Every structure is written in structure tokens, then in C-alpha cells.
Amino acid sequence: MTIRIGVIGTGAIGRDHTRRINQVLAGAKVVALSDVNAASAASVKADVAPEAEIFATGEELVASAGVDAVLVTSWGAAHEAYVLAAIAAGKPCFCEKPLATTAEGARRIVDAEVAHGSRLVQVGFMRRYDEGCRMLKQVVDSAIGQPLMVHAAHRNPTVPDHCVTEMAINDTLIHEIDVLRWLLDDDYVSAQVVFPRRTSAAPRDLKDPQIVLLETTKGVRIDVEVFVNCRYGYDIQCQVVGEEGIASLPEPMAIVIRKDAKLQNAILTDWKDRFIASYDVELQDFLAAAARGTASGPTAWDGYVAAISSDACVAAQRAPGTIVPISLPARPALYA
Amino acid sequence: MTIRIGVIGTGAIGRDHTRRINQVLAGAKVVALSDVNAASAASVKADVAPEAEIFATGEELVASAGVDAVLVTSWGAAHEAYVLAAIAAGKPCFCEKPLATTAEGARRIVDAEVAHGSRLVQVGFMRRYDEGCRMLKQVVDSAIGQPLMVHAAHRNPTVPDHCVTEMAINDTLIHEIDVLRWLLDDDYVSAQVVFPRRTSAAPRDLKDPQIVLLETTKGVRIDVEVFVNCRYGYDIQCQVVGEEGIASLPEPMAIVIRKDAKLQNAILTDWKDRFIASYDVELQDFLAAAARGTASGPTAWDGYVAAISSDACVAAQRAPGTIVPISLPARPALYA
Amino acid sequence: MTIRIGVIGTGAIGRDHTRRINQVLAGAKVVALSDVNAASAASVKADVAPEAEIFATGEELVASAGVDAVLVTSWGAAHEAYVLAAIAAGKPCFCEKPLATTAEGARRIVDAEVAHGSRLVQVGFMRRYDEGCRMLKQVVDSAIGQPLMVHAAHRNPTVPDHCVTEMAINDTLIHEIDVLRWLLDDDYVSAQVVFPRRTSAAPRDLKDPQIVLLETTKGVRIDVEVFVNCRYGYDIQCQVVGEEGIASLPEPMAIVIRKDAKLQNAILTDWKDRFIASYDVELQDFLAAAARGTASGPTAWDGYVAAISSDACVAAQRAPGTIVPISLPARPALYA
Amino acid sequence: MTIRIGVIGTGAIGRDHTRRINQVLAGAKVVALSDVNAASAASVKADVAPEAEIFATGEELVASAGVDAVLVTSWGAAHEAYVLAAIAAGKPCFCEKPLATTAEGARRIVDAEVAHGSRLVQVGFMRRYDEGCRMLKQVVDSAIGQPLMVHAAHRNPTVPDHCVTEMAINDTLIHEIDVLRWLLDDDYVSAQVVFPRRTSAAPRDLKDPQIVLLETTKGVRIDVEVFVNCRYGYDIQCQVVGEEGIASLPEPMAIVIRKDAKLQNAILTDWKDRFIASYDVELQDFLAAAARGTASGPTAWDGYVAAISSDACVAAQRAPGTIVPISLPARPALYA
């Protein structure tokens, strides 16, 4: 059986997922495309989905009888409506992050899915599919005792000039917010933000670096360095300190060279290279679940909790030194 | 377009490739199976290829109009006949190593393909598709100057009691024989074998470890330690020493743990874990070429040269200390 | 010329320094010993300083015309009086940490030395003499741009049952307090303490681990994980994040072994092994300066600042979540 | 007690050892100097041994009643005569390598020492005192089972234009010849030399790199890459493959930096930096034994065996591909 996929939003990520489904992964085919920019959809059809039908709107695409499951890769503000439409149609739906641009929007999706009674939504937190993260989770779950602390870093070589302080949370830390909850099987209870000396490379409206301190329900303390103009590379670090030992996220595979009086290996500079393989695994997981009429991986609830948690971190940015509490509503049974 | 694949030989590797084509990779479907053991073919059909037709013989499978391309994953002695049949039928053919059990057999395949006039055969040297090997080749080609030496090791934790000295060449070194030619873009001119002190863990008829010294047409000197009862793990090492620097094959990704007074990470113990990802890439490459009616990757010529080179290494085993020359026939233009 | 050294306090560290001076280092000889426990002094004389004279009191030892310079290695509460006596006698004095048990005591020593008009006191912060720390300082000073953050850890496998929460500052963090000031050439302006989930291995009256957050005058943010029952080893980590790059303290030299399906090397478990070589360098530095009638290395002012800073950290322990300011008096010109 | 040392030969190494004894190490003093170049001796006296007496000849220095022990750091051709003189005088003698410029000369020293009846000579093979080598020996002796193979490399960034092929043995490999015997507690039975493709950076009369294959009495097989124009750095590698595991010489301590899209650390380029600490340990060992009227560390026998073994390697250079046997005379009981 081949699952028939409709893709709403044919920008860079929509195009790439379409290519992935049609040329790399087994079991599915992109049969429908839609974008507010018709030329974009036509271009993706021409390049990687010649047999796809182009729909004028995402709503029509969702409603099409020829579409079994939906990818929402439009701009963020439109995610909520398309995901709600997919739930209403009872079709599995993969939604790139953010699930919605507000916690309230994410809540509406959760409520709709709960009302539907079974999972249909997978949120695009691809880190959970990264081979290194999966290996780390396995070790954390089995080999180092109870986790007590996490030391993490999310570093980017540079960001555009328009970047502002909040984006360090909403565009950058958001990945750690999700993946560390998953890694620890835990939730956050508070956040504090510390602003170190500012790099001279930071754009005018961006305080960079930042250190975000999170506390979990089990008392685990997390410090995440967010440094998006670190210059030297794209670098994701994570070290979990447990009662019996410490485990660290592996460095990406690289060739070690002895040359020019240095022992050296390349550090990646582009985030796409860092997580490219995880997109394949992520979508394969979606396709496998969609074939059974359901969804797997990060849930709408995870998307909602990420929104609540990042809102708290933004509040903590605005009151440096203050510990901002994070409180979550009761978790619906669907996500137990 | 979906390529219709026939698989001849449904043992472990045939089953795995069938699963790979039907469940992991895009663009192909296994539509035909054949095995001398009918129950094996039936079992693979039941598990991973429900729509496949079972053929009584490999020859019938090759001849079927419903089969576009063929995988030869039978036992080694039968490879030659099936590959020749595929060439005769003008169908792309992926053949697991060895291409044939003798250099003469491999030569017959080369001649048939040359007579056909275009490539149809890909030999299953999956190392060339290993991400680490590819990264190493890129660095060797660009960053360390002319290669002068290669220090390599191929270590297995243990081998069965029936293993004999020659198998260290034909089953183990054969991978280095192929991948180092490819890595250096060079051919061998001589081989010498050195027998170090024997491990007490070696089976009766196996001298283990062995060191194989190879010289190439460009004068590069290669030493490969083959140690198949090293106990500690499955470990592939390769260091290329160039005029300007040294590059090394990366270690497989692993979680570094601090525990029990040790800084430690796991070493793999099963070769299948080491190269599992490269099988996907290898077969995807085959499918992409087969869709164009041709073949890519390791050629029949590569299989033939590997056979000649390994024969010389076996001769060198029988005369320790002797330098055995390796001379290759002229390379047909098809493989230029 | 041979410098004649008197050692006050012949416990473990006094004995070891005596051995060091008499058997390892050039240019000095221990000629005088004193300890409240006469048997201890006699034993050290017998074992490693046969020609030394035993004095009934430290004061008499300091006063002896045959003593050129003094080592104060008695218990902490007695340090202040002996150091003041040495200053009064105009003799160079090496004092193990703490310089005094209170900031006020340290201040009295600073005042006495300032009144004397030139340096006589070296405080035993041996970390500054560690080869790795020195290499790190050189890189921080030259290769990574302005420091912005420091991520550090001080881990001990276990501590005795009588240990209490404050000791994590006064006995453990005290080393980072000194060495990070030196590394950054900076001073602290505030401290905050975070208590992560407690390890089940912690003694009853010790909260373990702790994270101490320090801010410097230049805005550098430091997080130090203090974890003294980490079980796995004695482990000192320090990573300095600068505007242009990141530098890390090296791991102690160790033999990497491939064995038992692991790539592994030993982690030290005893702090004495970690810094043993630095004691030699530290004392050699003292002897070289003493030969010129002065002192080098960590100053009385450094000892005083360490006391003020650690007092603030203890205050921060008592008010978790609070940011405790650290303010230093004006630095006397002697220590400019 | 202070041992009174006489130094014969005040070139770079003689000067450095004099400084070491007078300014770094405990227990000895250089009281006598001699050099064929009187100005050199005077300069060393002025700089680092103001109280030393200058002797017109080494023989007079050895004969002086004020000299307890002798360092022979003259040019190689004069070593034998001075060492024989020291033995005749019954004085402990440290001799830089080579012990003599011919195996016969070394044999005469062995015979003289045997006739004397107890050890007086230490040969300056400082590698045995390198911390990394000592750590490796400990692991090889205890943790990896019977050694089966050694893979080693001795790389220099560059050598002067006058260097010739033999010097790769006599000046470079000589260190591995000694240290690997010691590491394995074994002797050599044969040598073979392989000449890889030549680096374009090699001087006219030097074949570079070379690979020397050694076999030991226990059947251990050693391959040493000698590459003295490797450009990238001074790099000593040694990996011992045992029945149960593999141990490797550690890299020199270095600061790992993340900068400019690279994870990097410096590789040394000067051999003196690599082994500087081992000279201190080596001479301290000599002084400790000399204080007891004897010698420790590498013996005259070790110097003799190194000469025989390196002669065989030179013979193997002249007949590439030939396996040259190495046979040693019976070991005198003094060196058992």
C-alpha cells in the first residue's frame, strides 16, 4: 500500500519533504501540493512531484478524497488552521514546528485531537530522531543512574541582523525545550535567564549569548547556553550528569586530520547538515504510523507544552535574575 | 516509475535486501523471489514481499518479463551463472561479493559485460558507501597531498572454529582490497604476508593475526592487520599518510560515558551494525542506476581485480616473507 | 646558595613538601621542623629531613636565625598567626590554603604585608601551577577573543559522612574561586547557588550536587558544578567560551585501551594524583622567589579575595535563588 | 649528601643537563666541566655552573678526586673512551646515546663493566622515562594479554638537507629500537625495510618515509613508520596489539579549541618539547643510583644491543625486501 500525501506549503522545507517522500523513502507518494504562492507549488511539482495535483487552498487539499495524510509546512501562522482541518477530516497530519504560534492555539489543537479520540498529529521536533540523541537517551535510561543535571549548548555561527532577543527562545531554545523533556521524561517547573557579557558580533536587538536555567518536576537542573553568533560553527552539546555517571551527546562524525601542526577535524557550520539524516527517520516514522491511520513521535501535547515553556522563558528574559514558574494543565489521557 | 526487482537467493542477505527495497527505499518493489530452498523463498515472501511471485529457478526469474533488474544474493558458487544470465538478458544486476569464486569466472563476467557494451553489473562492495569511508576519500583526494602509506586494520571479535588461514584473505581482507583501491584510485603490484605471534584464541587451522603488505602502482605501501579473533570488538581502522598530512577513518558514533573510574564508549562487536547504513545507500545507488537501465558503483572489473589480488595474497600466505607480484590485464575501455 | 627552610606543621602536606624540598627540588633544604605533635615532627625528621632541627613552637622556628623562609602547613586555624610572624620577621612564607579562616584574618595579613612594603607571602593555590591550567590560560589570553562564559565542574568520587553543605564552597569550590579569577584576570561581583536534585549518595548534611553561578566585573558568567559524590572519579573540567572560540582544560594523560567492547581510559579517583606535579612547580616557584627575599605566585590579596568570595557563596547557599553581591575593597598598590 | 658531577662535553645537551642538575634537581651539583672547545666550557660555567672547575681534558676530569660521577655529553665518537675511563675509575657514568659509534665499541664497554663487576653506566635513552611510555608499559604488562603486534610511527616535520638514508635508522629509529625492546621485554630476531613512495619533501640522499619491520624472539611483529619530513609535526605513535586488547601511547597534553569551523589542538613540532620532562626524570634516576655508587635505567648492554639491532636495520635498508637476521651474543649475568 502506498500512502497518498498532500503537502501544504512548498517553501524550502515543504520541497525537501516532498523530495524525501518521492525519492528516498518507501511506502508513500506526494499526490497533492498547495501553496499561497502558486508558482512555488508548480515548481516543486515540476522538480520532485510530477504526478501531484495542485490545490488552490490547503483546505481543499485536506478535503480531497485522494489524500490520505497531510504535511503542514506552510509559514507558522497558518499551521493551526490546517492542522485543525486535518483533524476534522480524520487524516494523519505532520506539522512542522511550531504547532501554533501561541499556547492557546496549540491548546485548541490538543482539544480537537482529544475530541477525535486518537492521535492524528505529529509535530516536527526532529531532534528526537537524531541518531546521537537516540543513543544518548538509551544510555540515560539505562546506564548513569537518576539524572541530576544537564549541561547543554546550542550554538550557531551567526544569525541575520533582524534577530531579536526573543528569537533565541522561540527559534533556537525551542529544540532543547522539547528534546530535553523527552530525554529526561520530565517537565519543567521554572525558568531563569542569565545574560553573560555580550558578544560584539551580536545584532543590535539581540542579547547574545544567553544562559537559560530550567528546573524539572524531579528537581533536575538544566543549563542551556544559547549562543547564536559564536562564529566558529553550528554546535549542539548535551551532557547529562546522573547519580552514577555522565553521558554526552556524540560529536558528528568527522575525519580527524594531522596537518599544519594541528590535530583537527571540521565542525559543521550549517544546521541542515547536522540534522539532515534525522528528517528521513522522522518522516519515515510519520509514514509508518499514517499507514495505520494514526500518528507517532512528538504529540500535539508536546507542541503545547513547548509553547507554554517557551513563553515562560521569554518572560524570564524580560526579568533577568527572576525565577519564572512554569505550570502545566493536566495531561489528557490520550497523551499518557 | 517503480522498478521491479527479482531476488535470487533468499538467505539472510537476500531477505534483508528485500525488506530494504520494500520497506525502506523509494522507487522499487521486489516482485520475484527464487531460492534452491523453496521454503526460504516462501518465508521471505510471507514476511516482507507479499506480492512477489516465486520462481523455481534463478534462470526463470531472470527471464521473466515482469522483472526489470536482478539481485544475486545466492551462495557464492552460483553467482557467476546468474550474473551471466542477467547480462544475457540485458538486465541490471546487483551481485553480492564475490562476483565469482575464481578470477577466471569473474573474467567471464567482465567479458560478457564488455560484449554487451554498457554497464549492467554492480558488485556488493558496500564499504564504498560507508559514510566514514566517503568522508575519508574526500579528504584524501583534497587535503593531505599525495598518499604515501596506508595503515589499516580489520578486526573481528571472533570467528567460527572451521575458519582457515585463507579465509582471512577471501572473507575479510577482500573488503580492504576493494576499498583501498577505490580510496587511492590505484592498483596493487605486489603482496607479502607476515604472520605475527599467534593468538591463543585462534581456531586450529587459522593463523591469526596476519599482516598483509601491499604495494601499489604509485608506490604507496599499505599494511593491513587482519585479526579476526581480537576479542574486544569489530573494529575497522584506516589511516592514510600523505605528503602533507594524515587522515583517519572516523570511529563509529558512540556515547562517551564517565563511569566507574573510566572514560568509555562502546565498541561495536557485530559487523552488521558497523555497515548497516551503507547497505541502504548502496542499494539506493543500484536502484537509481537500474532505473536508467545501467549500473553504478563497484564494477565487474573491480570484482575481477579483487579476485586477482586476493589470489596473490593467498599465494603470499603460502610463502611467508616472499613478495608476490600482482599483474593485471589491460583494463577494458568500458571501465576507464 | 641553598635556602634554609623551616616547616610549621608536619602532617601529610607538611611531610610531603619536606620530602619535595629535600629530595626533588634544587636549591633548598629543610633545616627546621615544628608541630604541636612532637612525634609527628620527629617522624618527618627521621624519614625525610635527618639534618633538620625540631622547634617547640612555630614562633621559635620563625625567629631562628638559621631559617631563611617558612612553610606554613599547620591546620588552618593556626595559619594566620604564623604568617603574621613570618611577615614580622621579614621572611618569605608559603602558606597552604586557607590563608586564614576568616576574611578578617586574611585582611590582617594583607595589611601586614602592605606595611612591610614588599611581597613575602605565597598562598598555596596550586591549580595555577597545573600544566593544563597554564596551557589553558595561554590559549584564553591569545586565541579565543574576549571570554564571555565559563562552564566548569569540580567532581569528587565521594566525601566523608561528616561533610556539610558549606564545605562544598570552602573546601572544594575555593580552588575554582581562585583559579578562575586568575584565568580570566577578573573579579566576582555576584554569586547565586542552585541546588539540583540531590544524589542519594550524599551524606545527611550535605546538599550534593550544587551549581554555583558567578558573575565577574566584565560580565563573564561562570557556572561551576560542584559534585563531591559523583562516584565515577575525580574530575576537573573547565571550558571557556570566548567571542571567537572555545577552549577546554585538557583531560589528564591516560592510556586509551580497546578491550571488552569498549574504548576506554582510566579517570583518576584521587585528587592528589591529579595535581601532584603542580606541587613541585609551585614550591620551585616559591624557592626561586625566596632566594631573592620575596614571594611570587598567588598573593595574600588573592587569599583575601578568595575568602570574601567564598563567604558570598556560602551566603548564597543559604538563600537559594538569591543573587548575592560580592564587593571587594580597593586593591593595595602592592598587588597591582 | 650532594653528589659532585663532572660533565664532559658542554654543547647543547651538556649545557642543558648542567642547568638541570644545578637548578632543577635535588641532590647533586656540577663541580667540573670539560670540552674540546674551552670557550664552550667557560660559557656554561658562567651561565649555569659558576662554582665548577674547568678541566683541560675529559680524562683529567674523570680522574679528579672531587668528581663523584660523570656525564658524557661530548660528540658521539668520543663517548667510548670517556665511558671506559669512568669505568676504570669506578665512577658512575651517564652517557648520551650512542654508547659508542660501533657495536664493537659498545661491546668493549660491556666487557669493561662486566669486569668491574657491577653497574656503573646508564645510557641516555630518555624515552623509557617519558610519562606516556611508562603508563603504556604498565598497561601492556597488565591489561591486554600477550603482545602480538606493535604499530609505531616516528615522525619529524623536517630534517636538514645533508640527511641520508642511514640516519633514519641511526638517529631516528634508534629510539624505537631501544624503547620497544624495553616495552615488550623482548629482543629482535630480524629486520626488513620497505620504502614507500618518496615524499617530494625529502632531501636528495634520503629515502623518506621508510617502514621498518621487526620480529622479536616471541614472534611479536613490529612495524615502525619512520617519516622525517612529514611536515605536519613531531609525532610519536605506538600501539600495542595484545591477545585481549589494544593500548596506545597517549597524545601529548594539549588544549582543544573550537574555532574557525574546526575542533583542533596543537601538535608539537619540536622533539625537545615532546620529551623535555623525561630528561628530568632520567637524570634524577641517574643521580639517585650514583649516590649509591651504581647505575640504573638503560644499561651498557642495552646500548650494545641497540647498536647490533640498528646495524641490521641498515643492512636491511641496503637490501630492500630482504629479511635480515639479528643475532645477539649471550647476555652477561650482570644484565640479567
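Going in written order, the chains are labelled A, B, C and D, and every chain counts its residues from 1.
Just so it is clear, a contact is a pair of C-beta atoms (placed from the backbone, for glycine too) under 8 Å apart; a residue touches a chain by one contact, two chains touch by 3 or more.
Owing to the predicted nature of the structure, the values given are computational and were not obtained by experimental measurement.
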Pair with more cross-chain C-beta pairs in contact, given A-D and A-B: A-B
Contact-pair overlap exceeding half with B-D, pair selected from C-D, A-C or B-C: A-C
Rounded Å distance, chain A centre to chain D centre (Cα mean): 59
Distance between the centres, which are taken as Cα means, of chain C and chain A, whole angstrom: 45
Length of the line joining the C-alpha centres of chain A and chain B, rounded to whole Å: 38
Per-residue overlap in chain B, given as positions that touch at least 2 other chains: 231-232, 244-246, 254, 258-260
Chain A - residues contacting chain C, complex: 146-149, 151, 194-201, 209, 211, 213, 218-221, 223, 225, 227, 230-232, 241, 243-246, 321, 323
Chain B contact footprint on chain C (complex, rising order): 157, 231-233, 235, 251, 254, 258-269
Chain B to chain A touching residues, read off their complex: 21-27, 131-132, 135-136, 138-139, 143-144, 244-250, 252-260, 284
